[in-house]
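For reference, the structure discussed in these notes is given below.
Order as written gives the chain letters A, B, C and D; numbering starts at 1 within each chain.
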Amino acid sequence: MPFCYTRTIHFPDTDAAGVVFFANYLAIAHEAYEEALGTAGMKLHSFFSDTGTVVPIAKSEAEYLRPLVCGDKLRVTVTPTVLTPHSFELRYEFFRIGPTEKLAARIRTEHVCIASATRERHPFPATLAEWLKNG
Amino acid sequence: MPFCYTRTIHFPDTDAAGVVFFANYLAIAHEAYEEALGTAGMKLHSFFSDTGTVVPIAKSEAEYLRPLVCGDKLRVTVTPTVLTPHSFELRYEFFRIGPTEKLAARIRTEHVCIASATRERHPFPATLAEWLKNG
Amino acid sequence: MPFCYTRTIHFPDTDAAGVVFFANYLAIAHEAYEEALGTAGMKLHSFFSDTGTVVPIAKSEAEYLRPLVCGDKLRVTVTPTVLTPHSFELRYEFFRIGPTEKLAARIRTEHVCIASATRERHPFPATLAEWLKNG
Amino acid sequence: MPFCYTRTIHFPDTDAAGVVFFANYLAIAHEAYEEALGTAGMKLHSFFSDTGTVVPIAKSEAEYLRPLVCGDKLRVTVTPTVLTPHSFELRYEFFRIGPTEKLAARIRTEHVCIASATRERHPFPATLAEWLKNG
């Protein structure tokens, strides 16, 4: 079972078209990623200094299937997959919770692990490697 | 007892100083307001069209007492007070949850009720008036 | 020559990693799109009511090639291409301006034109069609 | 003459009420502050490491006088005043540019200078002190 994050849509997520601004879907996906890491015992705040590595996002892709409005409740699933010894992808599905649950968006982010000091590719720290395996 | 909203600090809330960007405290306060209204049965998405009124924010004030970092858990209280027949204030206190709970910020917003059509001051719709009384 | 938008990176664009948050590249791309439309005489604020159509974003893709920090100056190019009678894509390139200009990101958004009333696919309004042709 | 920053309102600044979200006025004020510092030769990106001090915002106040919509052009003035040997305030006025220029908002932020290492109050670095004097 993938990790699930639930989230209510709020006013600051929306734009003048009355719906969630397309860039904010990515911010919500990142929140889900942080919650998944947190549940696995990793803290993003100290991850960088604790491990000497950073995992910047190299690519993102999004399909926006349904508009989301203020008050909508979301269930976001997060599924990690290792791509190479230094990179992984996360796939997110956004479901709008309701009498009939609807798929509202599909997001994909690609992350590369690098050493903070040298900016060169670096194997995953142990806790991250374990989460990627079991995620 | 005031309404309580709990919220985790995420990466999109922060800035390059490593802490929550000062403007984002106000966005989090607005989320707490929306949740308080939602709990009282009001939906911000349809409030404007349902009631023919809008309640724009005329003033805001904030005291930033402690920095907040990614992963911090907040408890935000919301306390409404009627100011005039057409305006009210909301006071928010941000507590950082932890072994010793700390007051992290105090926010105040002032809202004016106006008719959407004429943009003139207008009494509160009934559901809003009731929430302001019982808040 | 594609349309060019110049933009300075500011604190609210950044996150606790000290660089521009990945979702904010998409927000900056949208700013460039708005400026391109504005230069062609279209106003996003009244476009929807003026034409009875909306052009929501159906897909986005981004490649993040270099981190951007507070104070960086960007040149963003916008190149539109018609895909079908009801859809178009925009390709953006982000260049960090400096002694040696560097490509910092590539973004792509896909937009679908629909009638506001029926939510069904609709041909492009004339001004939009012209911009897409000459873009 | 106070420092002037010009800025166009874009979609990401707005919310589902169709106007600029109240918290985003503060983000725009911060952009104006950064531009004022940059014009005076200070770079926010390296200010902290260059000087060993930080100047977090301790308070903010805002009066929202007129709604702002996508495409509006703003002129934002920034006026600094020293309050104590370790603190200063910035006053911002937002003017909506147009046939008749209108005051759209008044913002005030209060900043405290502290040493990064000890988090104790610290005199202003020289370049900042000079800007505050000549603002």
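Following the convention adopted for this analysis, a residue touches a chain if its C-beta (ideal position, glycine included) is under 8 Å from a C-beta of that chain, and two chains touch if they have at least 3 such contacts.
These figures come from a predicted structure and were not determined experimentally.
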A-D against A-B, pair bridged by the larger set of C-beta contacts: A-B
Chain of greatest Cα-centre distance to chain B: C
Whole-Å gap separating chain B and chain D, where each centre is the average of the chain's CA atoms: 23
Inter-chain centre distance, chain A versus chain B - centres from mean C-alpha coordinates, in Å: 27
Gap in Å, rounded to a whole number, between the CA centres of chain D and chain A: 32
Overlap residues in chain B, where contacts from two or more other chains coincide: 11-12, 16-17, 19, 21, 23, 27, 30, 45, 69-70
Touch list for chain A against partner chain B, complex: 8, 10-12, 27, 30-31, 34-35, 38, 43-45, 69-71
Chain C contact footprint on chain B (complex, rising order): 11-12, 14-19, 21, 23, 69-70
Parts of chain D lying in touch with chain B, wherever the complex brings them together: 16-17, 19, 21-24, 26-27, 30, 45, 48, 54, 56-64, 67, 109
